[in-house]
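Each structure below is given as structure tokens.
Okay, so chain A shows up in both of these, paired with chain B first and chain C after.
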Partner chain A sequence: MSEKLTRTQQKNLERLGGVNPAEQPIPRRQFLTQLGGTAALTGAAVGAGLIIKDNWGMEGVKPPPPVRLKNYAVELLPSKPSLVVVRSNPVDSHGFASKDEELKAREDQVLKMVKAALSEMGGIERFITKGDVVVVKPNVAFDKNPDLAATTQPETVAAVVKLCLGAGARRVIVADNPINNPESCFFKTKVGDAALRAGAEVMMPQHSYFEDLYVGGETIKNTWKMFYRPFREATKVIGVSPVKDHNLCKATVTMKNWYGLLGNPRNQFHQDIHGIISDFALMMKPTFVIADGRKLLMRNGPTGGSLNDVKKADAIVVGTDCTAVDSWCVSRLLEKSRHEIIYLDKVIARGLGKDWRPQWTSEVTV
Partner chain B sequence: MVKIRRAYEALFLGLFLFFLIITDLRYLRGWPVSLFLEATPLVAVSTALTTHTLYRNLVWGLVVIAITMMVGRVWCNWMCPFGILHHLFGWIGNRRNTKQMIEVNRYRKIYAIKYYILAAMLVMAGRWIVPATWAAPGDIVAAYKQSHASGVGRLTGAVGSGLSRAISESKTGSSTLQIGLLDPIALTVRSMTTSVLPTVHTATEGIYTEPREYMWGWIVGVIFVGFLVANWWIPRFFCRAICPLGALLGLFSRFSLWRIDRDPVRCTDCDLCLKSCEGASDPQGDLRKSECFVCLNCIEDCPHDALAFRFLPRKASEVTYPQVGRRQLMMAGLFGLLFYPMTRQSGLVKKNFNKAVIRPPGSVAEDEFLRRCIKCDQCIRVCPTNVLQPAMFEAGLEGLWTPIMVSKMGWCELNCTLCSQVCPTGAIREISIAEKLGTGPFEAKGPIKTGTAFYNQGRCLPWAMDTSCVVCEEVCPVSPKAIFTRNVEVTSRWGETLELKRPFIDPVKCIGCGICEHECPVKDDPAVYVTAIGETRDKSRSLLLSLVEDPQAQELVSV
Partner chain C sequence: MNPMKDTFIHLRDLYRSSPIMAVSLIAAAVAFASTPLAFALMGRMKWFNARRGRTLLRPAFWSVVCSMILVMTIPAFILALLVKSEHFDENRYAFDPNRTISPIDQGRQYEARTLLDSVQKLDEGVRAEQERLAAIRKDLVDSVKKLDTAMLALRESARQAPAVIPPMNEVLERMGGIRKAVGLDAPQQVTNLKYDPTAMTANAPGTTSPIAASPVPQPTAPVAVATNGLSRPEIDAILATVPEPQKPLAVMLPLSDLPPGWVMSKIPGKAASPYVETFNAENLYEKMDGRAESFIQNGVKGMACCSYHPKGNEESEIQLFVFEMGNSLKARGKFDSEKPDEAKPTAIGEGAYTAAGSVFVHADKYYTIVNVAQDEPKLAEFALDLAKRVAALQKSTKSSGPTAQDLFNLFPAEPKRSGTKYVAQDVFGYSFLSDVFIADYKSGDVEFQGFLRPYASAEEAKKVFETYVDTARKDGAVLKTIDDSKADKMVMSSNIGMFDVIFLKGNAVGGSNGASDAKPAEALAREFAKSLPANVPVIEPDKKSVPAEGGADAEKQEK
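Right after this comes the complex of A and B.
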């Protein structure tokens, strides 16, 4: 305060006790904290910025690494058949006191049939071991009554679930990505209820449950969105499918059942239907598959809609190779000529599956 | 000092206008024309929130933050072209006497609004934190189970990888970038591009070679002029009350080492320092550090030299933090949280995507696009054909003023990638001609498609009116042409036999450039038109299975 102060300024100085606080030296602590703090924060901001710097705008849009499906197949003893056809006379709907009893009888029968088929192949223990997490993939693409044979029969799903749990499976997940509304499909096909009663979990698709799956095939050359969440922990996979007609690829059996795991826009695959179905032989190596040939949708597939399109039959086909099972079903059940089914020829030509042979097949009747 | 500042203001405004004018095919060369857009820290911070990355030159924003942390909000009065324009407009409209000027520059409570705007916009951008928080515990448990490490390492590793998994999974489809609506640079570039320059051109014919027209551009212009004229009632109204960038810098300026400081002895409480105070930051009392624009006018105006720009002055004589109401801040945050779910009701990003939302080539998939685009319309400025237009609600409320291609206005020039070069945020990521056309290293990947053309056979001359035409085939730029013809013989109304070429689209070859639509003689509702389906930026919008990526087509980076 060397210069001359005005009267007001002198009053100010007196009020402040004769010391001008603005001229005090900077306290060391303030100096260090403020300088250090600013330097540290500036450094942190610039550093963080350099870490997340993205020169080409590609980092932000880079998809997560694609998932791959494991090989869920198990080795069978060479002496055992790889395809078993079980036949049993259909349960007569008359002669039961109530609907529930009839249902019970039908469930028991299917359980017996599937069990018989599996024991022919070496027993369920051959396929499911203690602690397994099993994904059961039914075909519930449409919200229709099971009697219309457009979807997997609920009692077959229940039988498979019970057998898996009986063999010591830790979890059984029943999952499908239907064409119609998922809740509605699982409800009206009765598969949801049957699965839950048998002790399985039902997993319906949600947006976040889809991941990029690497296929590297002929039609899916690279990756495609797949309903992968149920497979995160899975150790075994079982396909349970109906046997039905299809307008485009002529038959929907166990191979086309895997279509139900793909995400949108999957309808584009109709531009190359045989290619995509043959890709499934590459994509999915299931533990075993079941083609439920007790009700056959002979025409108007894959949706059906009339009981006149449904033919009652008596067979359940269990096998480890979708190709053989489909081949058997189309010629023996759907009354189609084997070479009408182009995808089967494709699969065989690509070496991804083997056609049905009598020497690997056994037929049993329960 | 004030003279130096004025020189800087002139320099930066001049530089901005220079870049604006040369954002043009004729003059562009290698100039960094998007520099101002890349330097606004609000863009850096908010795109880092939405994309978890920092695109290319947005690091400049960090430099501005660093400067702010040293010397305060110098950006606002020395560099920001919109701020400088406000300064200029306030000066033009100023008819007040000294006393009125002092009163109009006192701090008002409404100046806290900018902090609420910033809060709402940052919450919108960071909304992925909500789903990430939900997903995190599950992901951490899953990572812990999968981990083969042991002890503490297993736990920390699981927390780290679980968190990063939850964050990256929650990134898509849960946030939106809206800062561009009010970011001063984005707003200025947008206003200049879509209304000021076209208007000036019509008056002077000195800016473009061909006049430009922008749908609803006048709305952008009215908002721009409105903000400028507001200075006549409240000086620096936009900067003081609205600007979210100012609010962000206000938060960072709390660290600044230098600031205006008042000498309590020399000060005679004459309030003359308020006369030209740009920021309304109360230099006559305890300085509001977050509001000060560092214009240094107060130092000049003080008759007693009581004010100085000091290094580390007393903490006691400043208001370090912005004064905001907790409730208002919470309401703003809540609005930000709910804005995204509300706008996505339109379904326009996924299920209900609009056929008219044809994005320029190089654009990233729509969800990501809306998390990157700041609506600066720099792409629209540089587009040589006028095809790029600011959207109204075609892409939803979120997509207001984002670029779409309107083929009646222009077409996408085949050998041009200018929009991708000037985009500051990578909403249109930089592509080369080779990548756009799918040649050279991009052969396997194929060309970038922005949509697919279709015929309206009821309006097409050879299809409906027995008249030869096929202008569309003539102009189709790809080779081989995406438009081909089939010869037909028809009997005319008067009995003569006519031979006509009827055009068809080959969807494999069509890239959606829209020149066929632009040149179609059926001008009002062209007989050939482009819609967004088949665009390659999003696999779920593809049309043809045969065009789905090849595994050999690696993710190559352009240029």
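Right after this comes the complex of A and C.
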């Protein structure tokens, strides 16, 4: 120790018994431990680097992960029915001075019917809260007059939109991806006009509006292009469907309605129509669904043949489970045997929905 | 709009959809905004003063500002990244790092671009040439029309001079060739001129033209008659866009000469062919997804459709669909399968009915549907008119072989027989049973069906008979053999209270199906087996059909 120590250093040296540990040789064990630790740390760092190494820079440019739909379902009070059937005498078209008056009367009647159904289930406030962004999904697959019952009735869409806006919804988007030309479909079915008049915005499909949606189902095992743009900021989803015969799956009601969100080439799913429809029970958990049973397409579905294929009825069915609503409609409205509807059996077997039960059902007449 | 309120709503929505993101955003914003305040406060509290020997010195003002900016960049970066992460960069995926732009690639791209340029130029050239040819064709057609008109007077005068008639006939014959070459089917002129010294006098004012009285079409000046619908050039332009296989179908659509007050409906988004849509079996789903399969099962080859509506009333639409099916039997099969109980037969084509104003026709291998949107007499009348016009173009050529009606005639008339139909596939739910002829029967309150399926050979018929019996046994039916000397084999199957009797006779399988009582089912099967010939004629798939019950011959309609 050649250099002169300060007083503090001298005190410390005395305390250590005159031995400066800095001048002692490092013990072998400590040396090996430190060397091993350093090597382990370095190895770990290099390993981690190799694991996250991105030779081609693909991590930076790979497409965004597939989107998933949220669960839009709302918990109902246990005392409330999950399926409500509202009946009302059809509006007589002869007692009006003009077509506008008749349309107004029909709209008022549907509004009353839907309102009554939702009141039974706890009121619209139970489903829609202030600031919600609501997507209403009608079935406007074909460019046909609504009287042919191949598409959702426009006044039902208008009623749902009005109720949502009345409950404080910030935006109501009416969206569908029709089979025929979208503009023509929204125009000829009158759904576009009815939605706009009620205060909704109509969203028609465009190429950029489709995104890969993860389904993970039986037929769509991984992802499929879906008309996702309306759902980007949606907080609630409502399906409004017609009740009609279908050449392949025997009935189109609320569950098959979600088929209209799939991008092309969706026709390939017709090979496994029941599988794909049962996947919708997994893909979409709507806030509630409405089956418009006021005009029923009894045969030659899904496009419809003539007015002779249409039967006028008086029911609107509202429910939170597509399975129960479809089950009720096929047997009570379409006059089909429940066992003909294979996709419902699949949904129930997969535990994605429950069949209709009288104890969960309420029937109201307006 | 209140910007504060808007920002709050956005933040609230963001918090609901992604709470971590919202909290991070707010934290970064607070850190960014509070840094200058913190620096000012800490400067006041002499936090930045540095020891120089025994004294504490204040740092230079600009050094404090610089360090403050450096500190503020941290939350600023975080803020920027958070905001950026909310926005999808469309151009981000335009670059594919797997496709490195090497000099070779650049060269290839240059070549490709050059090729593309040349293809585009070629395309433009072809288009220009097409337009030039179309203009020439139009001139040519107009000139032929004018020539036709000019020939009228010459033609009439030639009838007075016997020597002129032979060369004149030859000229008219040649003109027929020219008209055909330019695709002009009117106005026609009689080519077989005959000597008529009174022709000129008869054409004098106040007298009736002999041409007008003649049964041949009267020559008319090529002046466009004011009718509704599309003009010839418009129709030609539309037909030019139709794929070749569907052209014969598109030609059947009445696009011109519509009744007053009716117009064609435009199809939005179809600039090239705004009134007519055509599909083949592969893309039929684009028009009728879900229903297309039922047409494909019947061998649909193509479909053409268009719509009409009264002027100013687009709600009262009429849609016309013309399908070309696999053959006339398949057309009838599809027609029969869609027929409702309330159908009212009408005499068009080979079989037709109306239902709530809509009209359904089958003729030859075509199935035509005219759908009305509203059940109104005016619409129904026009729908019927359209169906007649289309059916008139679907005349079948009679073949020498057996027809569907020949087979239906083999069915017993008793008990009460009502409708007949042909079913192409999955008859009675059996996938092995196809191309079956069926008739409805009623005995008392029991309604059931009789059926017949002739095969090319007795072996084939036997195989199907055995498959039928095996399948019924597997389905849990109780089988009972019936002794009948008129049939090779006869079996009764009963399951869930329904009785079927199936027999095999020669090359045919037949019987009764779906009776709730065994007796009438057995009686019909016995009677059927007795009346059937030993060898039932077989219809080849491409053979033509004949008028069905309720239908009428198209030629009779024409008359």
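Basically, the second predicted complex is superposed on the first by the 302 of 366 C-alpha atoms of A that agree within 3 Å, B and C clash if a C-alpha of one lies under 4 Å from a C-alpha of the other, contacts with A are read in each partner's own complex, and residues count from 1 in each chain.
Following the convention adopted for this analysis, a residue touches a chain if its C-beta (ideal position, glycine included) is under 8 Å from a C-beta of that chain, and two chains touch if they have at least 3 such contacts.
None of the values given here were measured: they were computed from a predicted structure.
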**Request:** Scan A:239 for contacts with chain B and chain C and give back first, second, both or neither.
**Result:** neither
**Request:** Classify the contacts of A:144 with the two partner chains as first (chain B alone), second (chain C alone), both, or neither.
**Result:** second
**Prompt:** Between chain B (first) and chain C (second), which, if any, makes contact with A:179: first, second, both or neither?
**Reply:** second
**Request:** Using the superposition on chain A described above, determine whether A:187 touches chain B (first), chain C (second), both, or neither.
**Result:** second
**Request:** Of the two partners chain B and chain C, indicate the one touching more residues belonging to chain A.
**Result:** B
**Prompt:** Looking at the overlay, does A:309 come into contact with chain B only (first), chain C only (second), both, or neither?
**Reply:** second
**Prompt:** Regarding the shared-chain residue A:34, is it in contact with chain B (first), chain C (second), both, or neither?
**Reply:** first
**Asked** Of the partners chain B and chain C, which touch A:301 in the superposed model: first, second, both, neither?
**Response** second
**Item:** First (chain B), second (chain C), both or neither touched by A:58
**Value:** both
**Fill in**
chain A residues where the chain B and chain C footprints coincide 56-58, 61, 64
**Prompt:** Which of the residues in chain A end up touching chain C in this complex?
**Reply:** 56-58, 61, 63-64, 131, 141-142, 144-145, 147-148, 170, 179-181, 183-184, 187-188, 233, 235, 246-248, 252, 266-267, 270, 299-309
**Asked** Which part of chain B faces chain A closely enough to touch in the complex?
**Response** 44, 48, 51-56, 58-59, 61-63, 65-66, 69-70, 168-169, 173, 255-257, 261-268, 304, 310-317, 364-365, 368, 372, 426, 429-430, 540-546, 548-551, 555, 557-559
**Request:** Could you please specify the touching residues of chain C with respect to chain A in the complex?
**Result:** 9, 12-13, 16-17, 88, 92-93, 95-98, 267-270, 285-294, 314-315, 317, 319, 338, 340, 342-343, 355-358, 360, 369, 371-375
**Residues of chain A touching chain B in the complex** = 1, 5-6, 8-9, 12-13, 16, 20-24, 26, 30-31, 34-35, 37-38, 41-42, 45-46, 49-50, 52-62, 64, 207-208, 216, 219-222, 225, 264-265, 268-269, 271-272
